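Presented sequentially are two complexes of subunit A, the first with subunit B as partner and the second with subunit C.
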Partner chain A sequence: MKPEAHETPPVLRVENAGKVFRDFWRRPRIRAVQDLSFEVRPGEVFGLLGPNGSGKSTTLKMIVGLLRPTEGRLHVLGAPPTDVSRKARIGYLPEDSYLYPYLTCEETLDFFGSLFRLPRAERRARTAQLLDMIGLRHARRRPVGEFSKGMARRIGLAQALINDPDLIILDEPTSGLDPLGCRQVKDLILTLARRGKAVLLSSHLLADIEDVCDRIAILFNGRLQAIGSIRDLLEERDRPRVTLPAVTPEQLRAILAALKAQLGREPELDYPRRNLERFFLETVARAMNQDTEPSGAAPSEGVAPYLDGPPHA
Partner chain B sequence: MFWRIRQFAAVARISLLDIIRQPGFLLIAAAGMALITLLPLLLTQTLGESARLVRDNALAVHWTFGLVLGSYAASSTLARETALGTAALVLSKPVSRSLFFLAKFCGAAAATLLFSLGAGMATLLSARMAAGYFILDWRAGGPAIAAPVLAFLIGGYLNYRDRGPFASRAFIGMLVLYAAALAWACAIDAEGHCGAFGAAMDWRLAPAGLLIAMALLMLTGLAGLLATRLDTVPTLILCSLAFLLGLMSDHLFGRATEPSAAVSVLGGLLPNWQHFWLADALSGNGQIPWSYVGHASAYGAMHLGGLLLLGLLSFRRAEWRNG
Partner chain C sequence: MRKVWAIAKLTLRGAMRSRVAPLLFGLLVAVIVGLPLTIRGDGTLSGEVQILVRYTLGLAMLILSLAALWAGCASVSLEWQSKKLQLVATKPLHPFELWLGKWLGLVLLNAVLLAVAGSVTAALLRWRLREPLADPARRGELLADILVARRPLAPEPVDVDAAALARLEQARGLGRLPPDVSPGAAFEAFRQALRTEAFSVAPGGARSWRYPQPGPLDPGHPLSLRFRFSCSTPGPVRVAGAWVVRRGDADVRVDTNAVATTPHVLHVPLRDLPQEGALTVEYRNTDSEAVTVLFSPDDGLETLARAGSFGPNYARGLLLLFGQLALLAALGITAGSLFSMPVAAFVSGFVLLMIQMAGDLASLTARPITLVSHHGDALIGPRAAVFFQWVFRLLGSVASPLQVPDALGRLTTGILVSWAETGRVLLTHGLIYPILLAGLAAWIMRRREMALAG
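Then we have the complex of A and B:
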């Protein structure tokens, strides 16, 4: 998160929010969320973490106005979540990609674009750019119902971004995506945050959260267990690690001996490994050079130009 | 305001497309229209009563298949979308719940009316084909019998050529081919000569068909109301129950019962389908006055308005755990 982000007003404020689901007789059945408070500011990527049933998706649904909180208050872009006009500045990707199975890819994006104040030409341009971005231009006339889970997820992500929203809410954005798609989504999130967008995402994939989030909140049984910046929560300041440039075995032995003399005990030595994600991406990139026509999602062409403009003031 | 109208049109259009692209919709609609078209073949040799039997049965098929289709369309567009989560996704956009519900109803109503249009054309063609005693007018009816087969072939070819949606193209193809068959039947007389356009058609069926279409709109509205809370199967069952009770409305709440406030209220709340079933009025040279169609439509519109109002209230309070 940029330092100045602390000074800007939050785009999302959740204050002591709670949600109780009731049964047919109106008796409390499940207390899904309890006393939850957090804020998300422009340019910040905020992650909601927690095991299944911890209240992440319920929280996101309260923020987009699909569920009403039974306790506390929520302010989304300065208004309650039930204010329909504010939804023009929100992009929401639900947990599963709920799309019209009999509509084509192109029709789906055009339909969601038509729900915003976008002129037809702009809508079409954005649809084309998004299809390029998610690598599904070749499948634009195929019904979404024929898509694999990963392809449907890509369309779901594209529909969440068609209005170039200020607050982007992503529920398990990388679920069902291949590593290439995951990397692309993570890069996209970082690009959007650089443009001043606030991103709220929930995920089970801790590595994804760690890669992109500035701050996180951990939920369990609907209650907030921990909240703070990734750095503050994860950094072990009493165990510093030194990374050396390439050294000869003699130099390494001398350094270790010096360290041992200073510390009074043997320091731990290990060698950094290449990240599996990076290795996979390099291997696939090589394979793409022996290109054939894709049956699923094609290699993407970066971020849609309208999403990659200059940062917001 | 213009933007809201555009949103409304977009949601209604996508609902219509989603409904008519479903294989289930095509199966029911095509079966109903084809059955009406084939009625003259089944009933021609019936003691010279074929014209009346074809007319009555065609209107009955129009109504029963329309009942199933209207309930299916409304529940598929509301209950199924609520269950699948697409409704929640659309409502996460700047779309009000009222607009969404009414636009969804309009999409389902448009699908039902398109079926009614097809069934109405098929009824006119069937009546024309069975107008003579013990003979069938193949010149007028032949193209209508070929229409469903041709429409399916065209839909299949277009699906093969450009992978377009088969169900909607076959359905639209049926409507277009039935319209062409109707135009052809209007242009020729019983001997196959060109005559006064439409002179040989039984246009008295038009107001009867319109009344059934109005009743189907009411049933679609009822299905829409039920679909805000119930799944497709319970919606279909309750719509059928409302249909049966409404048919017996006169017997249950009308002249046959002791007059009381409760009975009057119940009788007023339950749509009386007898107002919309006027096949008997066409016996002999009977006509259905257009003024009657107007009055019955006003009655239907009032009921429909009430159903939609209840549906709106129910939908505004709904919460989405799916989505």
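Then we have the complex of A and C:
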């Protein structure tokens, strides 16, 4: 998040929000969210973390107006979540994609584009760019109902971006995606944030959150357990780590000896290694160069140009 | 409008690709082509036209009606239950636009299917009447009696209320009113008796129907008198009589020797009558036997003047049916917006039943509702009776405007379906009531939580 983002007004403000689900006789049945407060500002990637049933999806549904809070208030782009006009600036990917199975990829994106009153030419251009971005151009005439979960997820993500939204709400965006797709989604989220978009995402995949989020909130049983920036929450300031350039064994022994003399005890020695994600991506990239006919999702051709414009002022 | 059209296109695509529309298309064509082959008529051309238009097109309309109602319910309710509407609801789309798009899609689909059903029926009708298969004489009768648009003339009403009241007072004065008969029931009995007297023709007597404003009458086409009577002699006896049609100083007389209890059609030429003035149709009982002829006060005589050809009338009839389908789709979508399946289907079916019963409901509201046991004890109190009267009055007033002329019945009897009626039905069924239903559905949808289970 850019430093100046703290001065800009929040795109989303949740104030002491709560949600109680009631039964047919209006008796309280489940208290899904309690006294939840947080803000998301432009250019910020905010993550909602928590185990299953912790209230993440309920919170997102209250923000997009699918559920009404029973306590507290929500302001989305300066208006209540039910304000229809504000929805033109929101992109939402639900936990399941909920697409019309009889529509093709192109028709799906065209349909959702029409709901934002985009002109026909603009819809076509954005649809083509999004299909390139999610690697499904070759499957653009296939009905969505024939897709695997991961491919449907990609289309779901594309529909959430068809309107170039200012606030992007993603519920488990990498669910069902392969590691390549996960990386592409994470890169996309970072690109969107650089353009000044506010991104709110929920996930129980900690690595995804850690990779992209500026700030996080952890929920359990509908209650906020922790909130703050990734750095503030995770950094162990009393255990600094020093990364050395390439050194000879003799130089290393000398450095360790000096450190031991200074600290009064043996320092820990560790060798960094590539993470599994990077290794996987490199391996798949090599394989892709040898095979040109994808049956599922093809390699992404980068972020859709209309989403990758200059950063917002 | 772009958003509405997007929803409409989505609805049409859903119907096409889920194979609902192709299935309906095939079913309609099969019914229209197959039913006349399986039903044996009375061997006459008019019987075949009855089968083609009334039964075949009627069955096609029944299929389309059920499909419109069901598809309307399902188009919202099932999408809500499968959570697809959740995603749509997060877009800048007002519930009214969603409703309108769904309705527009279904109305377009129904319009196409009804046009197909109507066109295939018309083509079969044309094929059946082609030369030289059809007997020219019967064909001529068919063209004069059925494949035509005729306007029923409205006779001057017979008011017997004052006379019935006088008889009631007289009976009361003479103490002849039985104690167990209420004054209302006695009045109704006197009224019916007087009406029957007014429409009976004694031997050597005559009975006239007066049409003060018959409207323009085409002298090139005859006036049709459609009549049926019973007589004081039981059985299907022949009765000699004469019909006299009079306008101004001129009249035309046609003698008949018609069988009682059987429907008859008589064509009276109009070319010798003046173009203006009130019209009188008179029946003279000229039978040599002492037979009294009794006409039904309601439909003993129908006087029909030609108002156009069959083709445009058929088209207007289809438009009436289309209006009904538009309302059914609206009803279904609204029920689907409020309830989950199959509750939505049952609720919309119940509302449809109420609309069908609107005429009966209206008659029930004339006086407070009474429920009496077989011992004669009142089962509900006077307050409850008034309450039910008002409930029925309210239901009747909501549903009464939705009463539709029997389009198929008229087409098979050569009766005009007027532009005024067509316009009224299209206005109420295709605009006013759908807007009211859309407003109700949008109001409810704005207040409901879309993410809750359907």
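Keep in mind that, in the parts below, the second predicted complex is superposed on the first by the 312 of 313 C-alpha atoms of A that agree within 3 Å, B and C clash if a C-alpha of one lies under 4 Å from a C-alpha of the other, contacts with A are read in each partner's own complex, and residues count from 1 in each chain.
To be clear about the criterion, a contact is a pair of C-beta atoms (placed from the backbone, for glycine too) under 8 Å apart; a residue touches a chain by one contact, two chains touch by 3 or more.
Small disclaimer: the values here were computed from a predicted structure and weren't measured.
Participant: Report clash or fit for the pair subunit B and subunit C bound to subunit A in the combined superposed model.
Facilitator: Clash: subunit B and subunit C overlap once superposed on subunit A.
Participant: Just checking: does A:I255 make contact with subunit B only, subunit C only, both, or neither of them? Give me first, second, both or neither.
Facilitator: In the superposition, A:I255 contacts neither subunit B nor subunit C.
Participant: Could you say whether A:K61 touches subunit B, subunit C, both of them, or neither, answering first, second, both or neither?
Facilitator: Both partners, subunit B and subunit C.
Participant: Which partner chains sit in contact with A:L281 here, subunit B, subunit C, both or neither? Use first/second/both/neither.
Facilitator: neither
Participant: Does the superposition put A:A207 against subunit B (first), subunit C (second), both, or neither?
Facilitator: So A:A207 meets neither subunit B nor subunit C here.
Participant: Examine A:L99 and indicate which partner it touches, taking first as subunit B and second as subunit C; both and neither are also allowed.
Facilitator: Both subunit B and subunit C are touched by A:L99.
Participant: Which of the two partners, first being subunit B and second being subunit C, lies in contact with A:A125: first, second, both, or neither?
Facilitator: neither
Participant: Per the contact definition in the header, classify A:V20: touching subunit B only (first), subunit C only (second), both, or neither.
Facilitator: Neither partner.
Participant: In the superposed view, which residues of subunit A touch subunit B and also subunit C?
Facilitator: 21, 61, 64-68, 84-88, 90, 92, 94, 96, 98-100, 102-103, 107, 111-112, 114-117, 143, 159
Participant: Could you please specify the touching residues of subunit C with respect to subunit A in the complex?
Facilitator: 2-3, 5-6, 9-10, 13-14, 17-18, 82-84, 86-94, 446, 449-452
Participant: For subunit B, which residues count as touching subunit A in their complex?
Facilitator: Spelled out, the residues of subunit B in touch with subunit A are 3, 6-7, 10-11, 14, 17-18, 21-22, 84-86, 88-96, 162-165, 167, 319-323.
Participant: In the complex, go through subunit A and note every residue touching subunit B.
Facilitator: For subunit A paired with subunit B, touching residues are 21, 61, 64-68, 84-88, 90, 92, 94, 96, 98-100, 102-103, 107, 111-112, 114-117, 141-143, 159, 163.
Participant: If we count contacts the way the header does, which residues on subunit A are in touch with subunit C in the complex?
Facilitator: 21, 61, 64-68, 82, 84-88, 90, 92, 94, 96-100, 102-103, 107, 111-112, 114-117, 143, 159
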